[in-house]
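Alright, structures below, take your time with them.
In the two complexes that follow, chain A is the common piece, with chain B as its partner first and chain C second.
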Partner chain A sequence: MSEERKMVTVYILGEQFSVPESSTIMTALEYSGFQLKRGVGCREGFCGACATVYREKGEYKLKGGLACQTVVSDGMTIARIPFVPAEKPAFDIEELKPDVSTFVELYPSVFRCVSCNTCTKICPQDINVMDYIQDIIKGDIASAAHTSFDCIRCGLCALRCPAEIVQFNVGMLAQRLYGKYLAPRSEELDKRINEIENGEYRKDIDRLKSLGKDELVEEYYGRDISIT
Partner chain B sequence: MAETEDSKIKIPYFPGCTLKTTAKNFESSAVKSAEKLGVEMVELPKWNCCGTVSSLASDDLMKHLAPVRDFIRVEEMNEEGVVDNEYRMLTLCSMCFNTLKQTNARVKASPEDLESVNNFMYLEKDYQGKVEVTHLFELLDEMGFDALQDKVTHSLKGLKVAPYYGCLLLRPKSVGIDNAENPSIIERFITAIGGNPVENWEARSRCCGSYHTVENKAIVVKLAKGIIENARSAGAECIITSCPLCAFNLDSRQEEIIREDSEYRPMPVFYFTQLLGLALGLDKKDLRFEDNFIDPEPLLVQKGLNI
Partner chain C sequence: MYPDYMKTSLGKVAGTREQRLRLAREKGKEVFTALSESQRENVLSTYHPDYKDDARREVRIGPNKGELLTDRVVDILESRPRDPADTFDLSKVDYEADILILGGGSAGLSAAIEGAEKGLNVLIATKLRLGDANSMMAQGGIQAADQKDDNPVLHYLDVIGGGHFDNKPELVEALVNDAPSSIRWLENLGVMFDKNPDGSMSVKAGGGTCRNRMHSAKDYTGAAICKTLRDEVYNRPDNIRYIEFSPATELILDDKGQAAGAVLYHLETKEYSIVKAKTVIIATGGFGRLHIRNFETTNHYGATADGLVLGYRAGARLLYMDSVQYHPTGAVFPEQVVGFLCTEKIRGLGAQPVNKDGELFVYPLEPRDVEAASIIQECERGNGVKTPSGLTGVWLDTPLIEMINGEGTIEASLPAMLRQFSRFDIDIRKQPILIYPTLHYQNGGLEINEKAETTIPGLYVAGEASGGVHGRNRLMGNSQLDIIVFGRRAGQNAAERVLGGVTTGKLSLDHVRRYSEELDSLGIVTERISPVILPDYIPDHVKAKQITLEYFGTLS
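On to the complex of A and B.
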């Protein structure tokens, strides 16, 4: 390797480290010798396990992001959040109504929202978090489910909220209510489930299970993939 | 803004959460009535909860973010041409009206507070202080109760209506829509739609118990009964209000009154817009009497006002 690797300085829990530039916060941590056991998951920005708080050089603002998706910058100060011990009441979805009363009962803090929008500002998924909390207050559960859909439950919103709302769990409840009660039913899905329950595919599955590896490979690549 | 009889008004409208959940009868009767009167109520895009109760703490600006954010929506509606130089923000719910108007007065009176709020909401445009919070009663008064009378097609035939002001339309004085001690605006409204306003009932601006209804139901049941009986003894056949919380306490809490007192005679409680809509000949489906806890149909049938 003729090219020399450019390095940047970062501060992890107050300690100085030199890491390759263009590292993510997560790779910077591992490069610096930290073994990650909590707060690490898919490493692809989908699971929300690696919420991190950081501050960039010369900035006063504390920012939030996913360690696996945020690229380090020179002088960055980093503190990871291994876990957000947020409230998540148990419920039986069969007994809930898809309206505002469910949230009054399970997440009364929702109604303390002061519309400060701090949750939206911190969200690494660019979700309009405050808007979906307001949707719930207005009783529009479907809109709340759609608006919160990209949430990966990293929990940064709840950590920042001055009204102590647990936005990410509230959004999940909205999505579950939507899925159970409000989303249009798919007739095709019901039809296919019936077919499966009636054992219409049993024969094909049994045949596939009886095949050896080579036969399976042949079967897989030889399948009909023409688009009609 | 001068309005001739036929002029159309297109006005930014703030519904508030309750009108979208438990007071749909208030909203639908108001929007349709306004339409009949040449007023198009244009709902604010992406409005947020008003904050419910106005914070009186001098050092707690956080509670004023919500109203200011809604005022910014109204200024945007003007900038984007959704409405034409119409900075009035129309409200129906007494509580939203009160909370919004108190915050507006505060930030207009205090440039420092306004700057703090604007600085905090750096993702929004600055609020310039152009908005005026108004209540539908005030708008009707401005348009003229005489003009309203001319539009009435189904007079209320002298129905004896008790005008219930509650607290939030009148107090504090700085935001009240009328004289806090001796108001007349709802009485004039009732007269205009052909009703007979109940006079001399002292409970018209007595507190309904407000949010005690959540934790101390018994207090509210007692207060509600007192207000209703005071109205009845002054001759009332029904009560009107513009506050969903008052409506809940006076209307739905009659369930408990009935349970405790088998002699008790129920009293219908209307949103004022339901009677307005009735007088303007609206469709029954827009008045949504079925949402009222005490069924008003028997009274309306008895008075020949059923539709």
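On to the complex of A and C.
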């Protein structure tokens, strides 16, 4: 079948290869003979391992994308970025305050943001990266947490940032502070944990554990189903 | 963008949508009658891939000798070790640890945090980067019975019924009892769960659940959890070290038969190193990248079941490695996303699977194996839609979601799915997606007890590599739960063992030597090598020119 496929030319680290036109950057690399070890992960756009910089034919602009999610085009030049040497200070989440002071301490570079929006433009998830950095400067940790939530930490934002901000780590910190301190707490959840600790369901579970298969089958197919 | 020839079928789906919406709105009534026990058995035995004549074969060696296991699992168990046992000088130890964790997904990360909490010296060795795991890719949710109308007893029934009553009861009990406290633990670490304004959890139904029990973080649930756990591991450099790009190729035992370390292989420098450890936790995940029955898979690049091989050669028994989970809804169009996961949350939010004529043919939330078999049945009856690359699928009618739940639901609840398909000019708010079952999950694995222990002293297993929790079919949202519950239990119990005092004897690979000898004496001749480590997607015409291949162990 491969003979019938329409082929395009791509340049991997400047070197010319011919690959099927329906390839993603990742499958184009494999088609060309590269056994991938770095810069490859989930292959479905969830892990951020395959950040890639590319330039399309006749363009001067460098674009960023995920190798597993970007379809090649004829004349595309490709360079993968398998690792970003970004700063990640260690912290004790129990000791942090969910406000701007934490960022002043851990990520002071946030406050050097020049609002150039380069981070947002490069983001393969189309996240408004600059907006969540600005949220933090304004002290709105909740908004920063929600805006940055879909980040898969490919690191392209930090590589492009002229102010040396490590956006993806900053966003991660905002999310953890929100999840732990700012999100409203579920009382039902705490109540259920107590009930289980107090052994309220032990007898019923012990009974199920003691049932033979036939009895269990009957109980299972006869259970009340109530979903909305 | 769908090709023109699909327009007629798309029109028919749109044509029946209003009527199917009315069904969805009828309170107290299912949109389609759920199958009875005998109907379930019937569709499974006729259409589920596990029931094909050549799906299983007898394994000739090791603790499960004589049992019928999934064909490609037998392949890796009957393969030769990557290196003869004599290759390594075990008197030269490169790393020492109280707890060695193989695998950097959420099970391994949870175990590491628990070990660190006890002040122990933890070492994680992982094949790719920390967090490069199926854990990161889970979309739809994590189950926990915390709602008023729900309880752990109902959760227990759902788990064991979904698993065809083969689950180990004490593991199911641990799973459902630890569920609410696992959610609390994750939230205390900073995971952002979907919530109602009053703080209560926003929950949905999943396949085979009798209550709304699915907690989620949009459709990035696994990523939200795994990113947070990894960040926490980064925060504990005094207790947790990690070595990346270094899969384990063998377990090391000591002369008393205790787990005592592992041989690691660095993928880039090709160096081997020896780890000596007081306890070992296998958290290496599942087998999707073995492409069982040549199915496409939702799985991570590194999901090659390495831990099973390591544990098996060391004498640990496998449970239910005769069953494979095919996720009912893998993408089949466009070509670039074939096999990708389309989360069950899509159906949890009301989307229905419909055939080429727009007809609903199955209850949308059957347990996964039943739903998958029903979809295969519908396609084999000629009611599917062919794709330009020759695959067949049925529609999953996503536009229903916003008709049922209101405009904006998809962007808020399924951003990953919306983004995935919009990259290929398909707006799932307006058009359905084409799906077919895809290889998703290893239902079985190395047998554990409720302390995550194996029969080998000091060897623990957690997550997808373990067997018994889910019987022969896992329900949605119970793997994210499993990796937290049993990851933590493995870490806690390994720590307890270390703190109780472990004396490690002389390190040994005799079990590997004996296994190789047994392969020889049984006349099992093969060029195949395991653990597999990574799949190989280099095309044959290129491969033919790669004469000095450095890379072994693939199934191609």
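Convention: the second predicted complex is superposed on the first by the 187 of 228 C-alpha atoms of A that agree within 3 Å, B and C clash if a C-alpha of one lies under 4 Å from a C-alpha of the other, contacts with A are read in each partner's own complex, and residues count from 1 in each chain.
One rule holds in what follows: a contact is a pair of C-beta atoms (placed from the backbone, for glycine too) under 8 Å apart; a residue touches a chain by one contact, two chains touch by 3 or more.
Keep in mind it's a predicted model, so treat the numbers as computed, not measured.
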item	value
Which superposed partner A:Q175 touches (first chain B, second chain C, both, neither)	second
Which of chain B and chain C A:K121 touches, first, second, both or neither	first
Chain B versus chain C as contact partner of A:Y11, first or second or both or neither	neither
Which of chain B and chain C A:R153 touches, first, second, both or neither	second
First, second, both or neither for A:C113, with chain B first and chain C second	first
Superposition-derived comparison: chain B or chain C, residues of chain A touched	C
Contact footprint of chain A on chain C as seen in their complex	34, 36-37, 128-129, 131-132, 134, 136-137, 144-149, 151-154, 156-158, 160-161, 165, 169-170, 173, 176-177, 180-181, 183-184, 187-193, 195, 197-201, 205, 209-212, 217-218, 220, 222-224, 227-228, 231-232, 234-237, 245, 267-268, 298, 300-301, 335-337, 340-341, 365, 415-416, 419-420, 423, 534, 536-539, 541-542, 545-546, 551
Of all residues in chain A, those that touch chain B in their complex	99-100, 111, 113-117, 120-121, 130-131, 134, 137-140, 162
Interface residues, chain B side, partner chain A - complex	17, 20-21, 46, 48-49, 51-52, 62-63, 65-66, 69, 120-121, 123
Sites on chain A touched by chain C in the complex	2, 22, 24, 27, 30-38, 40-47, 49, 69, 71, 88, 90-93, 125-126, 145, 149-150, 152-153, 172, 175-180, 183-190, 192-193, 196, 201, 204-205, 208-209, 213, 216-217, 219-221, 223-228
